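A, B and C label the chains in the order they appear, each numbered from 1.
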Amino acid sequence: MLNHFFSVKDCPDTMGWIYEALKLKNNPYEYKGLGINKTLGLIFFNASLRTRLSTIKAAQNLGMETITFDVNKDGWQLETTHGGVMDGNHVEHIREAAAVMGGYCDILGVRAFPTFLSKREDYLEKYLRGFQEYAGVPIVNLESATLHPLQSFADLMTIEQHKKKKRPKVVMSWAPHIKALPQAVPNSFSQWMQYYDADFHIVHPKGMELDTKFTKNAKLSHNQDNAFKEADFIYVKNWSSYHNYGDIQKNRKEWMITLEKLQSTAQAKLMHCLPVRRNVVIADNAMDSQHSIIHDQAYNRVFATQLVLKKMLVS
Amino acid sequence: MLNHFFSVKDCPDTMGWIYEALKLKNNPYEYKGLGINKTLGLIFFNASLRTRLSTIKAAQNLGMETITFDVNKDGWQLETTHGGVMDGNHVEHIREAAAVMGGYCDILGVRAFPTFLSKREDYLEKYLRGFQEYAGVPIVNLESATLHPLQSFADLMTIEQHKKKKRPKVVMSWAPHIKALPQAVPNSFSQWMQYYDADFHIVHPKGMELDTKFTKNAKLSHNQDNAFKEADFIYVKNWSSYHNYGDIQKNRKEWMITLEKLQSTAQAKLMHCLPVRRNVVIADNAMDSQHSIIHDQAYNRVFATQLVLKKMLVS
Amino acid sequence: MLNHFFSVKDCPDTMGWIYEALKLKNNPYEYKGLGINKTLGLIFFNASLRTRLSTIKAAQNLGMETITFDVNKDGWQLETTHGGVMDGNHVEHIREAAAVMGGYCDILGVRAFPTFLSKREDYLEKYLRGFQEYAGVPIVNLESATLHPLQSFADLMTIEQHKKKKRPKVVMSWAPHIKALPQAVPNSFSQWMQYYDADFHIVHPKGMELDTKFTKNAKLSHNQDNAFKEADFIYVKNWSSYHNYGDIQKNRKEWMITLEKLQSTAQAKLMHCLPVRRNVVIADNAMDSQHSIIHDQAYNRVFATQLVLKKMLVS
């Protein structure tokens, strides 16, 4: 039985899970009895489209009930620090809120983005860790300040489905954006790729290095053209700076992904976790080309999540 | 099998559907097995009370799961134009959002009101058409910029239930309002009435003509007193001007519906789609009179929607 | 069959219900067939965490479907006064809204807090009474302007579970807060305690007297130290002034509950309905002590609600 699902480190057998999730995809309702009388609570501190819908669908496929709770809209702000006098905007402490929601639900999924006010605070993951500590039930990471493991799991499923050689070249490329985005998706993808047999490269402008705790032995470079050569998969993602925390490096339009760039690869498949700003991050001609397997990635989210829930339900 | 339900034109047999929906009303759970393992996604760009609740109830009656998604609150703004650089407020393109949601759900219902910024834009129905084009699953119109077919279908069911003669006189009367309301309900009702055996009149102040694409051969006039004579059904609705787009014609209090006006009819039944502003659109003494069949209209929404979903589920 | 559940007066047998709810807790799914094809609508005019989640869970345990509706966010503002011209911010009258929602649902739960604009208006309970009058189905009070009976019912279950003597001393103590809170919880707890065998005390600063309609023969005093002596249960709660309506009496820090204060009791159990502001209302050292049965209170909310719904479903 799986306790928490916070990162790839909670997955004891990456390849086994990938195969098992792809099997679920072929027969989504096989375990519909497993979730009977079980409730999944979905706790959102931030907006969500794919995660919200795919997680509900995954739970429904297993016969679970779901309760969705948007903390800041349906409820009130939660305090995460300890020992303070709560005479400000925070109406309830995460200790109580997590314990109560854990009492009502069998599993809780939690989404809590970084605030970009403090790198140290963000990387402490106080919301996810607070739920893990106080809820008393398994916690699923629905994208935390630093990681998005359900996305990465679905990404690896998608690569496994589309790969044409045993050890593909996978390049994660930084791309421009107009806002400071979290490092959660690239951190998480880098971490999962350590458990997958591939020639894994990361290419980005200087200054956009990720935390080496996540990238480890990935091949880092700064020239997109060179990195794309012979690539089988191009995973496109913007992230803001980790070292100059939250900086977005404006005027980097030349890093946008275009069809022309993809044509210099080994007919690479184009990946992105969505949402994507067209003609900012990826050009229309690449998005709408045969290279894209972006919809497959999104669709696989259902079965990645379903497998994680299944592992939690099996006692 | 029904593909999309955008307007009355997607209904091949209006009277057959009316009878079938009235049959469902007598036995709402007869087809509860039909929706097993099927998910209805409800996508709201705008507020909703009746549509939200009646559609969820309709899906539950068929055994379907539902997922409700309020685009602008739970997610983010969607882009509908093509080829632009998405460096503004729109975080995701409808192409991706629709495709992803269509991947997770078996049927999608979409509500998207007009913006009144441009008649041309509103009448292009870019949200509904975008979902039809990109979602890959059947789309139900939960009130679009120009049409509200589930309302009209329920309206015709209600007339059919209450009519006392084979070919009743049905008068749709404009009434005052304080805000610019869409033309969706009167457009749609006019369009459905072309497939129903009735003496159909529309009465409104000069300048409040609807698009003749929808009103076609309806009898148009500008004198409410005359129009109400011998009427069997009075359908009350405000709409803003189509030609002087969005104009509301203030100071038209004399068009408000009162009990006195109903007494000059052939004991007409009073109809309104709700919400209604009392003593602005309809006076209390009419609302609370025996003339009103307004609650029946709202209640029939469940079964109109249930029939549309049933048609989509049957393969 | 239970019609409405507005206050303890709708409960014909308090002790019987407590025992029955505790039995449900031991076997939550025993009546799962009872709610088949039944829908519970949850109507929120205000934020909610415990009530929202525990009520959904209670309905799921009985096999009911649920539809959650946040009036001011998903819909629009409702009018409750009669005879007025609705040309302001209120889009729909509660008469229509309640009737329509009652048509779609078999039971409605309604939460509507006081506005503190007028004591008279708040104590008229226009939202709850409006739904009772116009919905045509049983209405459950999910916390109204003046009462929170599901909380009190769960509180009595919790006392019954933890009491060590036949007739425990139960002290409801006022505690400080930074905002004007409703009197609903203390009113309701006082009212339920009249039907429970206990030595019931209420202690609060002068000026914080509750409406005697609810407190009746409870023992009132103003010295917390004296009141806590030999206490078996300390129920902590802030409320704003009833007589000087909405006043909060600032600078009453000495009324905060601490571990030291609990140590002068008969090893009293500490209770609070949550959410609680730590170190404002109750100090960390009390919250995190062995005295607290606060999580049990929250957890019992599921089964108190489940019993009320069960009584409404049984015909």
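Basically, a contact is a pair of C-beta atoms (placed from the backbone, for glycine too) under 8 Å apart; a residue touches a chain by one contact, two chains touch by 3 or more.
Quick caveat: nothing in here was measured; it's all calculated off a predicted structure.
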Superposition rotation for chain A onto chain B, Cα-based, multiple of 5°: 120
Same or different contact residues where chain C meets its copy chain B, judged by the half mark: different
CA centroid of chain B to CA centroid of chain C, Å: 39
Multi-chain contact residues (two or more partners), chain A: 73
Contacting residues of chain A [partner chain B, same complex]: 28-29, 32, 44, 47-50, 52-54, 56-57, 60-61, 70, 73, 178, 274-280, 284, 287, 294-295, 298-299, 302
Of chain A, residues touching chain C in the complex: 37, 39, 41, 65, 67, 69, 73-76, 79, 82-87, 90-93, 95-97, 99-101, 103-105
